[in-house]
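Below, each structure is written out as structure tokens.
You will see chain A twice below: alongside chain B first, and alongside chain C after that.
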Partner chain A sequence: MQSDTVDTSCHAAIAEAVRTEARRILSDGTVTAVIGYAASRRKGSTQPIVITSVDDADKLIFSAACVNNLAVYLTKAKKDVPRSGRIGVVVKSCDLKALVGLMGEAQLKREDLYLIGIPCTGVLGSVLQPAALLTTASIASKCCECTDRLPPGCDFVPSVQLPQQPRLEQRYTDEIARLEAMSPAERWEYWKEQFSKCIKCYACRQVCPFCFCEQCLCDRNRPQMVEQTPRPAGNTAWHLVRAMHLAGRCAGCAECERVCPMDIPLNLLNRKMARELKELFNSEAGFEVRDKGPLNSYQDDDDQSFIR
Partner chain B sequence: MQKQITEANFRLLLDSLLFKGQRVVGPRRSGGTVLYEPLASASDLVTDELPRRSVKEAFFPVCEDLLEYRKEGQQVALSDVTAERFPETVLIGVRPCDAAAVPVLDAVFSWDYKDQFFLERRARTTIIGLACTSSDDACFCSAVGLSPADPKGADLMLTPLVGGGFLVESQSEKGEAFLETWRDRFAEPDGTQTQALATPATQPFDLKRIKAWLDDHFEDAAWDSIATRCVGCGACAFVCPACHCFDIVDEGSEKGGKRRKFWDACGFWKFTHHASGHNPRDLQPKRYRNRIMHKFKYYDDKFGQTLCTGCGRCIRVCPVGIDIAGVLEEIQEKG
Partner chain C sequence: MHSEKQKHDFEPKIIAFVCTWCTYAGADLAGTSRMQYPANVRVLKFPCTGRIDPVFILKAFQQGADGVLVSGCHPGDCHYIAGNFHARRRFAAFRKLLEFIGVDLNRLQFSWVSAAEGGKWVEVVTDLTERVRAMGEMVEFKDLALEEQWSGSLNTPELQEAYDAI
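Let's look at the complex of A and B:
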């Protein structure tokens, strides 16, 4: 497929609006800190930043390289991020779904947050080359199937005209269809090969907003629950445990997949599980806070066909 | 000794090595990424891409068995892995930032304890380096005292020639022996120019000044501003050619299993978690501080060199964009 450029001309106006709003909410005491994106040393690169003073608001930026889901800094796994008072956080729609999920799981309160929503034209799938142009080829797979370019329910969203998006391939849908067409043995071979690449760096776990357990099952050694070494048995156990833990919770930010240094298509597993949950329980991650997820509640009409 | 080899002879030499049953490891495409792996033919060798993981795994694998145990009745039988069984290996296409890390690791693995697993592999390996003709803005070898053609750690150094082929320079007895064994493949240098080398854009760091600041600033507010964003994964350490921390676990059942050594990382919360429950590096900035201190102070204090070769891999893979070259610039300005 020919690669087309994605129009990102609205980014400058978005960045300016985010800076102005951050200045306002920090100076009038609405928030004690703002978590956003700042430029980094390499051309085009960005990094998360926590600012607490009005003077630092100028550091905030927005571009197609602002890939991080900043919700991770509001989880208890990131205890060291200053969290007193109300916190401003810059969110794209996919990131917002994660925050909504965390609210449902009693990890956060809406009133403790000030949500700065980003009208989103999509972000880069990889920042190995952070200055790369955003095109229909370099855009993140999650953005290809996103239907929520404007995050709802935020306290502030820059008002910009979102450009028409070029036609994008539905990569997850296509890949899930390809895998579903395989025999179980072929599918198992595919995942075995993918998991064999894992080096257990746990970047997938550390960037995931839903991996907030104070002690991960995989770190337990008294008794050891999962083989810790990066070998096929432990790798497979780890990724299956993770897929099951995230079923019905994963918001689809795809951070796990983006940060994997070994390029394991982790969000493909998450998308497949999300689809199962939609079919079985008519449940999917969205923008409404739910205090019960499909796998921790019971209804009489739940599918029970798996019990034989 | 200095020689020259044509592109065709270079490929033929590789195939001859493989035909003889020699194990040859070099950058090759493996799935979507390039890794240092055993080559099956000369055409497997990738010369224009830095492998995603470093060459350290040729000596210090991601995971290896140290011993095997079996329990029968009241008897426990242990069997050791014999390090002598490690195969003779030619490592080829090793980037200067990777090759330079090998002597850095030598010092650690032969200091208070001689790690036979590392040292036996090391003794059986000949390293053929390859000078870089391209770089990106994550590369900073020239900022930590190396260069895109630095022969440190290599037994033989290849530098691409204009029009194809390589200038070959031996750097050690192993390199001389290799040139002697395969002398028919090499020619005397005919004065052909070498290709223009890569030019990493980063200015040289004043590593002494950086170390001086680190000596005096174990406690400093800067650690919070630098590292609060760190999410505590091990990606940076795992792709680093010089990071060498490992853990050892027994895996298996009561009846039998294996003792294994595998990569660990100072970014992990668990890394310094004591059995008492106390964790001296309880917050992420303290863990990141250790990473910088180890590379630019502790290792220098102990072994007189820097534990970083500027390959830039940690910069490329950091989930949250932490850029070690940017961090060093910041520290240098303070010093």
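Let's look at the complex of A and C:
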């Protein structure tokens, strides 16, 4: 397939606006820190940064290589860090969905955050070539099916004109359809192969904003529910449990898939579950804070055709 | 009382996760009423179907179950008001996940059996046992559990390419 270039000319203006806004909110005391992206050592690569002084605001950048979901810096291990005030955070719309989900689960409060939204043209699928041109081939799969290019409800969004996006292939939809067309035995073979690659590094868990349990079920050994060794049985159980725990919550930021060193298509599972839950309970992750997710609420007339 | 003993080549192992208030009492009723049902079912008692985690089912399959039954109170009869409603949603989602992974859903049954329905318990257990017997042994999860080593292939073209690029 011929790959078209995605217009990223607005990135410079976005970066400039983010810097200006960071400078403003840090100097007038609106926030005590801003979490954003800074240039990393390799050409074109980026890394998350937390800045607390106005002088550091110049370090903030935005480019197609800013793939990280910064929502993860606001949960779990950071629970013990005393909050000194509001925190500014740079979010793309997929990251914002994660933050909104966390607010719904009472992990964060909206008033503690200052959201700097990014009008997003998509990010790179691989961080191995951070300086690569953003094209319809190199764009992240999650961006291909993203319909929310402007994050709503943010405190600040740079006003830039978003360019027309070239037509993108729906990779997850296609892949799910391909798997669904297979026989159960073929699907089992496919996933067995995928899961057998897992080395149990738990990077998918560490990077996921929704995996904030203080003690993970999979780290418990009394009783041990999920085998901890990187053997096929434990791997399969681990990924099924994770998909189940994220069902109805996953924001689709695809960080799990990005960080997986063994290239297991983890977001495929999450997308599939999100679709099923939408179909079953008409519920999906969005930009509105929900008190109850689909799996911790119920309706009397839920479908029970599968129950005898 | 006299019943024909039958010999089969394959006796399926059925694990039943049941709620203590309805299905367990229902199974008890079946027993005290001297109803006959296959001895293949191992009953595990839980406070409520809402307590039954999908990992229990995975664990059961890994440990050699050929079929799993989850059974609790009818909607509206839950001792904890809404436990079975939550379970219903959870298992509706879990079924979809298992299906996507490639597990035959005929091995997994959910049912509502109240404390008064000894007959229904017998029916459900007999049905599931016969169905699983016809399907044969569940080998997928057992095979996984038997594979001792990490089985990822180390010599894929992608990895070789990445290695060469270092």
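The definition used in the following text is that the second predicted complex is superposed on the first by the 301 of 308 C-alpha atoms of A that agree within 3 Å, B and C clash if a C-alpha of one lies under 4 Å from a C-alpha of the other, contacts with A are read in each partner's own complex, and residues count from 1 in each chain.
To be clear about the criterion, a contact is a pair of C-beta atoms (placed from the backbone, for glycine too) under 8 Å apart; a residue touches a chain by one contact, two chains touch by 3 or more.
Note that this is a predicted model, so its numbers are computed, not measured.
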item: Partners on chain A (chain B, chain C) - clash or fit; value: clash
item: Partner chain(s) touched by A:54 [first = chain B, second = chain C, both, neither]; value: neither
item: Which of chain B and chain C A:263 touches, first, second, both or neither; value: both
item: Touching partner for A:230 - first (chain B), second (chain C), both, neither; value: both
item: First (chain B), second (chain C), both or neither touched by A:272; value: second
item: Partner chain(s) touched by A:244 [first = chain B, second = chain C, both, neither]; value: second
item: Touching partner for A:199 - first (chain B), second (chain C), both, neither; value: both
item: First (chain B), second (chain C), both or neither touched by A:308; value: second
item: Touched partner set for A:187, first chain B, second chain C, both or neither; value: second
item: First (chain B), second (chain C), both or neither touched by A:219; value: first
item: Residues of chain A contacting chain B in one complex and chain C in the other; value: 197, 199, 230-231, 262-263
item: Residue ranges of chain A touching chain C (in the complex, touch as defined); value: 179-180, 182, 184-192, 196-199, 217, 225-226, 230-233, 236-237, 240-241, 243-244, 247-248, 262-263, 269, 272-273, 276-277, 280-281, 294-300, 302-304, 306-308
item: Chain C residues touching chain A - in the complex, by the definition given at the top; value: 53-56, 58-59, 62, 75-76, 82, 85-86, 88-104, 109-112, 124, 140-141, 144-145, 147-153, 158
item: Chain B contact footprint on chain A (complex, rising order); value: 40-43, 45-50, 68, 72-73, 77-82, 127-129, 193, 197, 199-203, 205-207, 219, 221, 224, 227-231, 234, 255, 258-259, 261-263
item: Touch list for chain B against partner chain A, complex; value: 31-33, 52-53, 62-63, 136-138, 224, 228-229, 231-235, 237-239, 247, 249, 251, 260, 262-263, 265, 268-270, 283-285, 315-317, 319-323, 325-326, 329
